[in-house]
Amino acid sequence: MKDSRFAEPLMDKDDVAAMVLAAKKRLGLSWAQIAEQTGLSPVFTHSAAMGMNSMPEAAAKNLVAALDLPQEAVSVLMEYPTKVWDQAVPTDPCIYRLYEIVGVYGPTMKALIQEEFGDGIMSAIDFDMVISRVESDKGDRVKVEMSGKFLKYNSW
Amino acid sequence: MKDSRFAEPLMDKDDVAAMVLAAKKRLGLSWAQIAEQTGLSPVFTHSAAMGMNSMPEAAAKNLVAALDLPQEAVSVLMEYPTKVWDQAVPTDPCIYRLYEIVGVYGPTMKALIQEEFGDGIMSAIDFDMVISRVESDKGDRVKVEMSGKFLKYNSW
Amino acid sequence: MKDSRFAEPLMDKDDVAAMVLAAKKRLGLSWAQIAEQTGLSPVFTHSAAMGMNSMPEAAAKNLVAALDLPQEAVSVLMEYPTKVWDQAVPTDPCIYRLYEIVGVYGPTMKALIQEEFGDGIMSAIDFDMVISRVESDKGDRVKVEMSGKFLKYNSW
Amino acid sequence: MKDSRFAEPLMDKDDVAAMVLAAKKRLGLSWAQIAEQTGLSPVFTHSAAMGMNSMPEAAAKNLVAALDLPQEAVSVLMEYPTKVWDQAVPTDPCIYRLYEIVGVYGPTMKALIQEEFGDGIMSAIDFDMVISRVESDKGDRVKVEMSGKFLKYNSW
Amino acid sequence: MKDSRFAEPLMDKDDVAAMVLAAKKRLGLSWAQIAEQTGLSPVFTHSAAMGMNSMPEAAAKNLVAALDLPQEAVSVLMEYPTKVWDQAVPTDPCIYRLYEIVGVYGPTMKALIQEEFGDGIMSAIDFDMVISRVESDKGDRVKVEMSGKFLKYNSW
Amino acid sequence: MKDSRFAEPLMDKDDVAAMVLAAKKRLGLSWAQIAEQTGLSPVFTHSAAMGMNSMPEAAAKNLVAALDLPQEAVSVLMEYPTKVWDQAVPTDPCIYRLYEIVGVYGPTMKALIQEEFGDGIMSAIDFDMVISRVESDKGDRVKVEMSGKFLKYNSW
Amino acid sequence: MKDSRFAEPLMDKDDVAAMVLAAKKRLGLSWAQIAEQTGLSPVFTHSAAMGMNSMPEAAAKNLVAALDLPQEAVSVLMEYPTKVWDQAVPTDPCIYRLYEIVGVYGPTMKALIQEEFGDGIMSAIDFDMVISRVESDKGDRVKVEMSGKFLKYNSW
Amino acid sequence: MKDSRFAEPLMDKDDVAAMVLAAKKRLGLSWAQIAEQTGLSPVFTHSAAMGMNSMPEAAAKNLVAALDLPQEAVSVLMEYPTKVWDQAVPTDPCIYRLYEIVGVYGPTMKALIQEEFGDGIMSAIDFDMVISRVESDKGDRVKVEMSGKFLKYNSW
Amino acid sequence: MKDSRFAEPLMDKDDVAAMVLAAKKRLGLSWAQIAEQTGLSPVFTHSAAMGMNSMPEAAAKNLVAALDLPQEAVSVLMEYPTKVWDQAVPTDPCIYRLYEIVGVYGPTMKALIQEEFGDGIMSAIDFDMVISRVESDKGDRVKVEMSGKFLKYNSW
Amino acid sequence: MKDSRFAEPLMDKDDVAAMVLAAKKRLGLSWAQIAEQTGLSPVFTHSAAMGMNSMPEAAAKNLVAALDLPQEAVSVLMEYPTKVWDQAVPTDPCIYRLYEIVGVYGPTMKALIQEEFGDGIMSAIDFDMVISRVESDKGDRVKVEMSGKFLKYNSW
């Protein structure tokens, strides 16, 4: 929500994200520990706490209680966000590598998804993700599991 | 490899990709069936056959034999590609959704990977991916499993 | 499909689109008349004939028969397209006005959809559209009716 | 209107938008309910309240009264806006899908409009839009109805 | 219209534009002289001959006769064009200066048009233009007269 | 002029533009009425008052007197501006239509100007413009008259 | 001029540029020597021969005679070019350095020109340039002398 | 230098530029007069005073004394700047014309420099520039003289 | 970390960078001298102090002690940064030259690395760099030594 | 050099690059082996053979002899190239990593070079590079050694 010079400022998702990060640092919590409080996965908890998703009411209440945030933060966490990113091509190496994977393997993923399911897409809305560690003698690996509902193009 | 008006044209990865697609259509094969021939996964097989990766020699020979391609295609499949994509933001909906996931969840993935592993990245080079179907009463889901070696930033 | 200098060219969606336009001109047919032949709506018929969608088999056969296209065109019409557009901001005035509507009313559409349905989107995949004429003394109007399934963001 | 360090700040459309959103939240009103107060449609009411259109005087007075805004807001709502959007390609998924529809179906819409009406465009100025819900067993659908006056290119 | 490797090429607007320019050079005609043949203004005649507008049937027949073009060119001149320009910012100095005028005076033109007419725009569709010479001792001047119908935003 | 944290702020063209707009609103003046005070045309008066041109001294004094601005504003109005616009492609529909006219008719304007005058351009510096209303039964029209000195390319 | 599949190709400026370069190589001439033939400076001779300027008739005839080009090249050299460059930021280091000079010193050049001459610009149309060598013990220097008519903004 | 909310602000080049401009206006000095004080050319003096170059110590002291700036400004003027410009294509007409000259004549300048000197560039680092007035009956001209050391590509 | 209007500001990497630069200036230290304090190389010390890398705890404590920064700066220096750069093409000449080297020699570096090591990349994560001076009679040279672990593409 | 439809095609650097790659493949040579023939380093040999640098005459003759290329290739290798790259941000991972290094470490390299040498740059013209392998138990490393003459900004 925009500020007005003619009215009191309202708390917004950026405010809450900053308060969450400050509380997380002060309390020494990991995202996994915070996620246990919300009852949601670490991925979704982080995303909603940082303002990229709307948090269900129960989870928002749990988060506010666990981090001792002001009550107004509950409704802010529940607001429907406008998802904006500034960099069409991300520069941070950890995020760029994901972008690169889409660039290199995007046409392959499309070909295999559509050969298996028909003409359509993997939803990015009815979607979930888990990130975990796979131990290995050659160096541990990051495992990313994404799952999205297949949506078929309709004809009419 | 560039063509020259002063020398015979050499077969390149675009030529092989077109021949693979023509043979695949003619033989009625799926990528899974072709991958069985190469001994590699469907994801890597497609990617290398389309020219975005270099295929190991044994797999290249198997592919050429299975699809009855000219022998020259073996060395072309083995060449190290220059990975180029034209659209910084892909337009095809099936690929755009993957891009969107990176835009929405990229900062979350970075935060969780780095909290778990330390300051570093998931490699896009020492990397693999599997795509599969998860059946569900509410509509089948596409499952994407990525795994990349964690690489830690060094200080010096 | 890419051409190869080392194999016969395969018919692709651009070839079929050109043949459809040539036949349409030769036969003096409107898109509405062609759509009657395919059994699909004019919007979808045009989109699939021009290569931006895959046509169901029955419709493709009807189209090929009605326009006297070569049989190979049936399978080409059925192929799953890669949807590409070159201009991030379209220049043709008729298309730009649609882009402008998204620019001006996009945030409004988001606000009203999400207030009515919850946090989510109107699908562009499970989607249909009708274009019609509304007569008026002040000048006839173009009516565009779009309908897309509401997809709700899930949390996990 | 720009601020000056040498004069008192004037209320502008951003100020009013923020005040409207704050009042809407405080009063627990939906856009449909606010639109009943203005006597205009929800689409136009939202667009004008957020600063993307100028509100007729009667509607502006109604809105200011209904939301208990300062009187100065009436003239601000009536000002003619400069319509600016920052993202040539929108990132929010709910708005991007609309952009994608223009990318995929824009040439089709042009072809069908011009075949029906002649060489010209659907106006984005003499234009209106309604958004509604269509219930369905397979999942409710968002319906968007746009109507714009057909404008014919003239020759001279 | 796109070419197909599987069908005869059709004449398109680029072909006609090239034939017009070749005939114009061969016959030593000015655009003003050609416009006298079409019965339209020089601006519209040039624009339609170069493929950026559709020419009315009578004018197209006149042009084809006057320049001794093949009969097929009549229908091509009458086709509804897709207006595409490649350079968002034009580089040719003669065209760039026009772009610069829009950059410098665009907000002024908007302010004065809207103060005079209300919230709306000057149409670029119901539009005409004349270019002429104004003699002056200090150096002759180019005069550009544009006229477009005022279109008022509607509310609904 | 940039501000410094180590010196008093100086009034700049943005300050004056804001003061002019505030005074215009307070006094209920139109641009035509303000232009009568400056002795310049409405187009140039608006452009210079908004900071896109430098105002001659006499006009600046008249403007400051008429709108009761601080005396410092005279020299600020007289400063030579740096002309900057942020949007390579403007989004406001009233300005975009002007941009579209340049896109569609730019090559035509170049061809006709150069055929009449020789190889050169219409100056955007030695330039003037008038905007007026043309009444019409079919709807009033905006008339834009631009005049710029023809500048011929020299060879050397 | 565009080619047409329905008419003979016409010689254009690209053709002439290629023929000039081929003849220059065959005859072992420098641009200074060619310029002596045209009677114009090396800068203008190169620019017009490469298609970025129109060559006066006498010079064009001289060039065609000196390089033994076909007579048709005379009129092509005299045509008024459309000046197009593809790279908004040039990559070749020799050209980039010139771009960098504009980036670094552009605001300085503007300030000094306008302080000396008043509000206006150095023309790029009524313009000339000489490039020469300045010998120096510390390494020879390239000298670039540009001269353009000062054009003053008018007010009206 | 960036500000910190946790430390006192340090004077930076933007601060000094603003102080120079304020003093210049207060004292009624031209850049030529200021340059006499610094002992450097007007071009370099302006560039360094505005923060695009580092000023030698003696000149910086002279400037600070002449304009009565705080002593801290000496070291700030001497700092090595990061040269940043925001507009890849400048919009101000006086600067754009310079950009246009690079676009039109860049390849010509490259060809003539390299024919004279061999494969290499004109340095933009070991570089100087003078701007002067050339009087003429046809209108005075701006003269720009640039000189840069020729740098030859090495092979190894 | 983002600020919140509803909580105390937290020190972030920009704050620390500003404090480091202020202390460096006050104490008259070079980066080499600071690096001696941290026990890390000058390149890494600068990069981490400016916020582009995370500093190991011991080094951070040393830096804070040596420059007399507040204790809170230790944990800020240790935070994992998000690496962001604003200019896809850098404008500062010293940095642009590095970009240019990548543009000119990037394909060469790829070809030689891959011929020597196989299909893969030089890591930018497991990476180090040293910058030094090489004295020479023809002018001293900057030497940049980069070293990155070779990472081989895997197939699967 | 551009082709002309009115003259025989001339061999250009793209032709030679293709012939070099074909000969290299046919002869089974590495770049190191080819460089031994030219007497230049592998980096420069590859760069000049691929058309990004001009090759000294002796080296060009050696290359043409060693690879059995036509004699015309000697002068083509010696031509001064126009260095063009299409991707402002390279997509191939091996090249992107180099771009990323410039993004992350560019400001650091600038700070350390300028602290050591004064205000100036590392030349990309008087420049050389060596790429080598450093063996290591933890995985071999790519070593890149760049050396460029320091160029100091002059003041005047």
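Things worth noting here:
Should a chain be cited, it is by its letter among A, B, C, D, E, F, G, H, I and J, assigned in written order, with residues numbered from 1 in that chain.
One rule holds in what follows: a residue touches a chain if its C-beta (ideal position, glycine included) is under 8 Å from a C-beta of that chain, and two chains touch if they have at least 3 such contacts.
Computed from a prediction, not measured in an experiment: that's the story for all the values here.
Listed by label, the chains touching chain B and chain G alike are I, J.
By residue number, the contact pairs of G-I overlap by more than half with those of exactly one pair in H-J, F-H or A-J, and this pair is A-J. If each chain is reduced to the centroid of its CA atoms, chain B and chain C end up 29 Å from each other.
Chain A and chain E have Cα centroids lying 50 Å from one another. Distance from the chain A centre to the chain B centre is 26 Å, each centre being the mean of its Cα atoms. Averaged C-alpha coordinates give centres for chain C and chain F that are 43 Å from one another. Shared interface positions of chain E, defined as residues touching 2 or more other chains, are 43, 53, 82-83, 85, 88-89, 91-93, 100, 103-104, 107, 110, 114, 120-121, 123-125, 127. Remark: the chains found to touch one another pair up as A-B, A-C, A-D, A-I, A-J, B-C, B-D, B-I, B-J, C-D, C-E, C-F, D-E, D-F, E-F, E-G, E-H, F-G, F-H, G-H, G-I, G-J, H-I, H-J, I-J. Taken together, the chain B residues at the contact with chain I in this complex read 40-41, 43-44, 48, 53-56, 59, 80, 82, 107, 110, 114, 118-121, 123, 125-128, 151-156. Residues 1-8, 10, 82-85, 88, 124-125 of chain E touch chain C in their complex. Every residue of chain J that touches chain A in the complex is listed here, in rising order: 89, 91, 93, 96, 100, 103-104.
Interface residues of chain H facing chain G in the complex, by the touch rule stated above, are 30-32, 42-43, 46-47, 50, 52-53, 83, 85, 88-90, 92-95, 97-117, 120-124, 127, 129, 131, 133-134, 136, 138-150. On the chain E side of its complex with chain G, the touching residues are 9, 11, 14-19, 21-22, 25, 70, 87, 89, 91-93.
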